[in-house]
Every structure is written in structure tokens, then in C-alpha cells.
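Below, each structure is written out as C-alpha cells.
Consider the two complexes below, in which chain A is the common component and chain B and chain C are the respective partners.
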Partner chain A sequence: MKPRRFMAPSAFVWLLLGGAYFFIPLLATLLFSLKSIQTGKCCTLSAYGWVIHNGDFWHTIKLSFLLALETIVISLVLFVPTIYLVHLKVPRLRPVIAFLALIPFVVPPIVMVVGLLDFYRGSPTWFYDQPWGFLVAAYVILAFPYMFFSLDAGFRAIDVHTLTEASQSLGASWLTTLFKVILPNIRVAALAGSFLALAIVMGEFTIANLAQFHTFPIFLQYVNETQAYRPAALTLLSFGITWAAMLGLLFVGRGRGARPTLLAGGR
Partner chain B sequence: MASEALRPDLASGRRRLSLAWVGTLPFFAYTLLFLFLPAGEVMVGAFKGVHRGWTLSNIRLLFHEPYIHAYRTSIEVSLVTALIGGAVGLAIAYAAIREGTPRWIRSILTTFSGVAANFGGIPLAFAFIATLGTIGVVTQILKNQLHIDLYAHGFTLFGKTGVEIVYIYFQLPLMILVIAPAIDGLKREWREAASNLGASPYQFWRYVGLPVLMPSILGAVILLFGNAFAAYATAYGLTSGVVPLVPLVIGAYYTGNVLSNPHFAQALALGMFVVLAVMMLIYIPLQRRAARWAR
Partner chain C sequence: MAYLELQGLHRHFGDVKALDGVDVQLEQGEFLSLLGPSGCGKTTALRLVAGFDRPDAGSIVVDGKDVTNTSPSKRDMGMVFQAYSLFPNMTATQNVEFGLRVRGGHRADRHKRVGELLELIGLGHAGDRYPHQLSGGMQQRVALARALAIEPRVLLLDEPLSALDAKVRLQLREEIRRIQLELGITTLYVTHDQEEALSISDHVAVMYSGRIEQMGSPAEMYSAPATPFVAEFIGTMNRLEATVVDGGSGAVEHRGVTLTVNAARDRQRGDRVLVLVRPETVELSPANGDGGPNTLVGEVITQTFLGPVTRLKIVGGAADLIADVPTAKAATLPVGTRVTATLPAQGARLLELTDEPLPEIPEEPGPAGR
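And now, the complex of A and B:
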């Protein structure tokens, strides 16, 4: 076989097909978002104006964003010290946690929410009836595999033992070591994990729908059911959030082998 | 890695080690509270009767209509989209990686796949309604310009075929993401060696390429199956529950006003868990085999 100098025709056809499948629905959504509600004709920006002036839109997107922030903070507080300790002191536990990180793939959100709803039925209302309690508790579990694999790679790339020894022989306490020495060194991994968690929470529908909390994806579905062209504007916006999170991920992980991954809960 | 002498856990014995274990407790407590106990509730609850006591009737009901039909539909949709998405995804990934294709195409494809694989749920359902729905852009173009009326010929986006078309939108890019590293592992020297020994491209693929890739392909297809099987939001946004997929049937139990028998919803969830656990049991050994060539 001679090395090819030009692209094989079949390769071109396959890539074109893939590109068409990717772009046509997005183009169609863009065209839809520009149609007028009265006439169904192109082109008006009224759908976008409607979104911007919609109180429910701002309310739900703010809620989803704050839930994402809470999920990120709890995840980092819970996972960073754990993975630090595991790398430093109990490497035997690492395979155990890596195995646990696979379990959410076998227990999909729809199964998880059934268990959570039934197990916590009758628990205090500040937890069960509040998105800040119930939803975030579930979202931390959804984010766990992504946070774990991201942080684990981060910790593996640094020399935890030497950094800790150096910090402690200079008189630093455990907390100082964690915040001033370890955290700055795994910043990129923590940021990558946070972007993934953000994208998960902003798009999560299953758990929010079954537990009946009004997050952004629920608002999107409501508009979807009741309006013709306006959901298109929201759909593009939602797509933009996924884009931003993925690009953010690639941007912070430049040259560190960061790969796009598959997120839980969106589907 | 530091030398052994620098490691505090080896130097200072048991006390520090047990402290480190205590430090990991919050994490294990959290997974116990919000993952294992709720999952256990599903598994135990599936065997409970409406008025206390243990029963197998919930499980037995799973094998009757309409529920067995829901499992069959779910498995069929997952299988069809995993196979089609897998085959086409493989072809596209190979097209991007093979010799002759400019290198920048590979990185663009990876980025786009990362986005598309995660573009699911309600927004994706709406994007396809705008494309192939009754007043969708492509439907209208086909009807007005080419005089092909899809909906007059029995096509509908809001049935099983529609769900499959939409699922392939995230199955395809997932396949590309998962299989690309395996295709990278097909070394150029193997092709050259086969070619020097007189093998045709067909013979190369039949005796070298596919056998090496096979564990990775099977593993990826299983991953795709699980991905479609667990999906809820996309089908919900598209059909509002007209197509009887297991996640939608479970969802209807909780979003509806009446919760007649919560233990039956748990049995339905247990059934999903069993299917996915079997998939995982096939996936893990395949993954190990595939890793052999990935060095």
C-alpha cells in the first residue's frame, strides 16, 4: 500500500454524513427560532426577546446555576480530601473508590431517583422538599464519577508525598498543606471536574422531573409543550451551555490529555 | 513517587493509618446514604407487597403485558441505536484517523463529538421536532420542493423510529469518542507488514484489523446500549410517553397523580438495574482485553 497523499473518497463521504447529522438539526432549530409566531415566516428575533423578558426563564436558570455551584462546592469538599488521603496514605482504597465510580453507570438517574424518593419519603421537609437538599444530594452522586476520574488524574500527575513532606517539614499544618500546597497543584483537575458538574446539573431532567422541582430543563420542557417556535431559542441557548462547558474543559485541560467525556443525566 | 522512607504511613505505624481511614469516612458515608441505601431500597422494595409482607408478584408482573412489551421496546431501541450508531461511528472515526485525512479534522471531530454526545434530553428532542416534526424544516423542504410527504407515507418522529433517529444523534459521537483511541492502536507497521507479505486491504481487515479491534468495538456497543437503555429525557420530550420505554413507564408512576403501588415501580427499576448490571459484567472483561493493544 502506498501512503496516501489525498483524502480517501469514502473517508470524505463518511465525514460529510457525520457533519450533516450534527449540523442539520441545529440549523433547523436556528431557522425555527427566527420564525414569527403570527405568520410562521422568517425572520424575527421576537423569540429571543420573549426569552430575555421571561421571568420564569431567569428564575429557573438562576436556580439551576446555583444548584450547580452548590453541587460543585460539596463535591470538592467531599472528594478532594478523600482522594488526597487515598493517594497519600491508603493507596489500597483507590481501586475500591474507582470501582464505586462505575456504579452510577449501572444505576442510571431514573433508577436512582426512584430509590431516593422512596428511601427519603417522610424525611424532614428542609431536605425532601428543597432542591438545595434533595436534588443536590443526588447531583453530587451524578457528578462523582467525573469528579473522581478528573481529580484522580490530577493527583497522579503530582508528587503528593514529596509536596506534603516538604510542606510539613516547613511547619505547615494539615489544613495549610491542603489549601496552600495541594489545591494549587490540582487546580486544573478540580476546574475540569467542576465544568463537567456544571454541565450535568444545567441539563439534568430525569431526577428534577420525577422529584418535581422546577429547574431550567423543566422550564424548557414546559415551553416545549405549550409553544411553537419559542422553545427553539431556548434549545439553542441550552446547546450553548453544553458548548461552553465542553470548551471550558478543553481550554483548562490543554496539553494534559483532557478528553471530552459523556455526562450523566442529560439524556 | 517519593522513596519508601519518606512515606509517613510506613514510618509511623498503625495510629496514623487508622486516622487516614477515618478521613475517608465522610465520603463513604455519603455514598452509603445517597447511593447504596436508595439502591438497596429499590432492590428490597421490589419484593414487598402493597400491604406489608414479602411477595414475588411485582417481579412476576414484569413478565406480563404491557410491561414485558416495554422491556422489549426498550431493549430493541437500545440495540438498534447501539448497532447503527456503532457501525456508522466506527466508519466516521476511521475516516478521520486514516492516512490522507488532514490531522486537524481529527481534533475538530473530537471536540464536536464531545459536545454532541452530551446534547441530549429536552433540547435535543426539540431540535429534531424543528427538523423532522410535522412542520419541521426538513419535512417542509421535502414536501414543498421534492414533493415527498413523509407523514403521508406513515413516517412519524413521535414513535419508535423517531426515538431511534434522535438517539443516534448522541450514540454516533459517543462511539467516535470511545473507539478513536482503539483505532489509534492499529499500528501502521501492521498494515505495512501485511501489505509486504502480499495481503489485500480486505485480508488485512479480515485477519488483523477487525480481530484486534473487536473487543473494543463490542465494549463500545455495550456502552452505547446502556446509554440508550437508561435515557429518559429525550424520549419524554419527544413522545410525552407514547412510546412505551421502561424509563417512561417508571416516570409515569411518579409524575402522575396516583401512586397505586410504589413497589411495582421499584420492581420496574430493579429490572433495568439487572439488564445494565449484566451489560457491565460483559463490558469489564472486554475492556481488559481491549486494553492489551492500547499500549
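And now, the complex of A and C:
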């Protein structure tokens, strides 16, 4: 019989402090959002009613969510095969790519958007004037470090060479190897990168604002400037929707019982 | 024409000659072990056969067809790797079925074949387990079944037992041989373990510095090593540098002591030779004077218990020998005893001694080394 394990009192205190750090602001926001515009007192759901019946809210959050999905898909399509080939064929390029991946951290978004606007000036209007084009291109760059380091960790956790060679010796093509053998084993890493990309796009303000696209953070900022309690309700709702989207991604990407990032050669 | 032919394979990595003209001929259904120390080129040769690498020169022919430039996915070579290579996202059954699914075919046929193979390797009950739920030995068995599932033209095994503990290794190597004989599959096996190679192979090729030093049956390799390196690598061997003094009687001189070696007959006087004597053929007795003919006198300086025999190191005078004696007898010759070592005139082998230094055998890296 296993002995019962008790949590150390100090661990409990730290857990409580950590929980308070995260939940007190949320609780304060919730209480603030329940106040009445007329009386300034608790408790009414009118702010939530306003948000739910606001067409701009649904339009912008849908736009941001779709932009996030597009960013995730493009990032995965670009980075998974690239990082796979780097690990397999040219591992000496890995530090170079890791360095490049740090650039979006170093260059402030304001500088980046000015550069991108200038760089893409003259590109077709279906790209330059549309959030699906220009904005996603910028978001893929913003998501690059998160995607790269997540995927890189995933590839390092498996024996890419042996798995690839085993697959090929059994008659599999490169594509079959990638989709049936490699991808399922870096699924957790790809999901982690996708979550981060989703979170970034759902909250990105600077680039969308300067490029004059009406995404959810722009709407949130507008409501925040012009309303009292409604922005708090909007924040909580968007928080819930983003978490629901993440859970959705997790559900779509979850496997069937295997330990996906287990080292092929390790136990 | 042989079933598998490696013809003049060369492979360089920068300045390093990994393979320097390797020629092998293997008939269908035969089991060949490539044996050698780390860095001798054995894994490089296997990877060339598998198609994971291309030779700088030379060709690989299977069943009369040149496959040197064929991609690995089209070679029909089943491979078992040194590292655990099961796909972690698939169960044992799915792993074994993978190659068959890639090739298409009826689902029922595939399942039947997978079931047969899992039974063959004794894991019919573990088909639903994922690799992390299997022991190392079980994983390598499943990897073997997976390689066999595609009915490969040649089965390639790259030190598949090196990551396993001694008991499992012994058991699994016997199973590999049993399955190979049962299926009659042509097999190329890479190992640095000479006992493993000698025990399961039809032929053994000892490699050194990118070349095959000698290829033959295990018994030939043990009893008639063709080079000093093979003599050193296969089993334990006493190597005595000597000079022929009388080709008629087979007398040679080693450090001032005259020994008779039958193999030295018909040699020219003054020829420099290497006398090779297996430790188990050396007879020991407590020293009594200067000994007799064909003896060296020295002192026991170490005893190593090996089970039924004990290995004694004897040093002193002209003697620098290893002798394996029955453990019961070794008890009568404790460390410090002066002994007379009698060398067999009949059983000793002889090799030409050149000016090249005798080869050193490098240590083998850990199991997962690439």
C-alpha cells in the first residue's frame, strides 16, 4: 500500500499565493463587470447582455479567431517540414534558425509594422488590404519564435533519424513518414506552439491598429475608452472564448493513449 | 552469382576512410556477421546496403539487380536498429503492420500476417501495448517482427542487442537465429561482440580500418586467424614475436628461448614470425628447474575467475602469457607461484611479422552512439 502523500505547508502557502495572484484580478474584473451603469452598484448582467448582443464583438472576435487559425496553419506548414529537415539533414543550421527566431522578440512591433508596411507596399491589394494577407504575414513572423522553440523541443525529444530511417526501410515515402510517423510524435509540441500563436493573435494590438485592421483587440480598446463596466464583461467573455478555443484545439489534436514525445531510444 | 554482393565499396567522410574497398558475397538464406571494433566501418557498410547512405565507389547487388542508387523505401530491406526504433504513437500491432499498410493489400491478410509474426516472436499477447509499455527486449522483438513483416529480401540488424542486459541479449540472439533459420532469410548482422557473432552466424567478416581483414566460418575465424588483428579480436590470443632458427624442425627463438612450432616448418631461417597460442592450449605446472622443451618459466601475477576456468597471467623471464586452466587446478597455483608454461607445438599458429605495429583495439561506445 502506498503511503499517503501530504502537501507540505509551505507548498500550500505558495500555491495559495499563486492562485490569488491569478484569480484576484479576475474576481475584481467580474465584480466590476456586474455593476449597474445607472446606479454603479452590484449586481446586474446588463454589461454581458450588451456584449452578447453587440454585432461588432462577434464580428471582431470571429475575425481574430480566424486570423489565429490561419496563422497557426501557415506556421505549421512552414515550420514543421523545415525544422524536420534541419534536424535530419542540416543540424548545423539549427543555431542559425534559433537566432533568427529571436528577432521578433528583439524588434519592437511598432518598428516591425512600419518595416512590413513599407516592404509590402506595392503588393497586390488582395494581400496588402486584407487581414488574411498582410496581417497574417505579420502574425506568422510574430509567432515564429513560439512555434520554432516549441517544435524544436518536440523534435529534440524524439530520435528523428532512427524513426525516419525505420519508416523508410519499411517502404514509406517522405510524406508518409512525415504525416504518419513524425507528426503524431511531435503533436504535443505543435499544439503548444499553436496555443501560443492563438494567444498572441487574439491579443495583438499594435500591428492591427497601425495597419488599420479592425480586429478584436482594437474593438476591446475602443470599448475600453468609451464605456465604463462593459469592457470588464468583454474582457471576461473574450477570456472564456479564448480558453474554449484552446480546449477545442487540444481536443482536436489529442491522441489515443500513446506518449507522443517519448524518446524513441530512451526509457 | 551470389544473392547479396558488395563490390568494392568505398566511403569517405572528409579525410576519414570509413570503407576502403569492401567486398562481400553472400548466398540466399545465409547469415553474415560484420564484426569489428568501433569505427571499423561495419555500420557504414550496413547503412549503404540499407540505402541510408551512398558509396563513393562500388556497388551493391541483390539477386542480380544493382540497387546502389535505389532509395531505401524501394529496396525491400528490413532493418532492426541499435536504438529502440518503434514508432511511439503506434501499438506493437500497428508497428508491425506499418510496412504492410504502406504497401496496401487486404486488411484481413495484413492482420493475419501481423498475428503470425507476433506469435513468432512470442508477443501475441502484447499487440495492444505501446512501445513505452514494453521492455527493451520486447521492443527489439517487435522491431524484428516489423522488419520481417514486409518479407524483406535481406534482413539488416545493426547491433540490435547492444542496449539490452546480458541475459536478454543471450536469449534474443538465439531467437534471432531460430527465426532466421525458420524463414530462411538472408541476414546481415553488425556487432562488436565476437561471442555474439561466432554463436549465431554462418559466416563472420572481421573488419578493421574500413576493410575486411578476414571472412570465414566462425570455426575458421577462431582456429585460423589470418592476420594479427583477427587473432587479437577473436577470442584471447597470446602473441609471441619470434625468429625462425631452424625451418626443418620448426624451431623458433623467442626472447632467447627456443620453441618448437610445427607451423614454422619449411620457413626460412631468420624469418620474423608471430607465434599465436590460445590461452586454453597452454599447460601449467609448478616450476621445477628451467622447465623442459617448449616451455617458458614465469610467475603467476593475477588470477581472474571465469567460472569453469580461471585465467592466469604469467610474467617473468621470457614469459608474458595468459593461460586458462580449470578452476580447480588454478587453486593449486596461487598468485606468486613460479610456473612452467608448456606451449603446444601442434596447436600454435604462425603469422608473418611485418614492421607495422600490432593493432590496438579501440573501446566500443555506448549503445545509442551514432
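For the reader, a short list of remarks on this structure follows.
In this section, the second predicted complex is superposed on the first by the 209 of 267 C-alpha atoms of A that agree within 3 Å, B and C clash if a C-alpha of one lies under 4 Å from a C-alpha of the other, contacts with A are read in each partner's own complex, and residues count from 1 in each chain.
One rule holds for everything that comes next: a residue touches a chain if its C-beta (ideal position, glycine included) is under 8 Å from a C-beta of that chain, and two chains touch if they have at least 3 such contacts.
Source: prediction; values computed, not measured.
Between chain B and chain C, B touches the greater number of residues of chain A. Of the two partner chains placed by superposition, only chain B is touched by A:K89; chain C is not.
In the superposition on chain A, contact of A:F79 is made with chain B only, not with chain C. In the superposed pair of complexes, A:A172 makes contact with chain C only, with no contact to chain B. Of the two partner chains, chain B and chain C are each touched by A:D159.
Residue overlap on chain A between its contacts with chain B in one complex and with chain C in the other: 159, 161-162, 165, 259-260, 262, 266-267. Contacts from chain A toward chain B in the complex involve residues 1, 3-8, 10-15, 17-18, 21-22, 24-29, 31-32, 40, 78-79, 81-82, 85-86, 88-90, 93, 97, 100, 102-120, 137-138, 140-141, 144, 159, 161-162, 164-165, 199, 203, 205-206, 209-210, 212, 217, 220-221, 224-225, 228, 231-232, 234-235, 238-239, 242-243, 246-247, 249-250, 259-263, 266-267. On the chain C side of its complex with chain A, the touching residues are 50-52, 71-79, 81, 83-90, 98-99, 102-103, 130-132, 136, 143, 146-147, 149-150, 156, 368, 370.
If you check the complex, the residues on chain A that touch chain C are 158-159, 161-163, 165-173, 176, 180-181, 184-185, 187, 255, 257-260, 262, 264-267. By the touch criterion given at the top, residues 1-2, 6-9, 16-17, 20-21, 23-24, 26-27, 30-31, 33-35, 37-42, 45, 88, 91-92, 94-96, 98-102, 105, 109-131, 135-138, 168-170, 172-174, 176-177, 191-192, 195, 201, 226-227, 229-234, 236-237, 240, 247, 250-251, 254-255, 262, 265-266, 269, 272-273, 276-277, 280 of chain B touch chain A in their complex.
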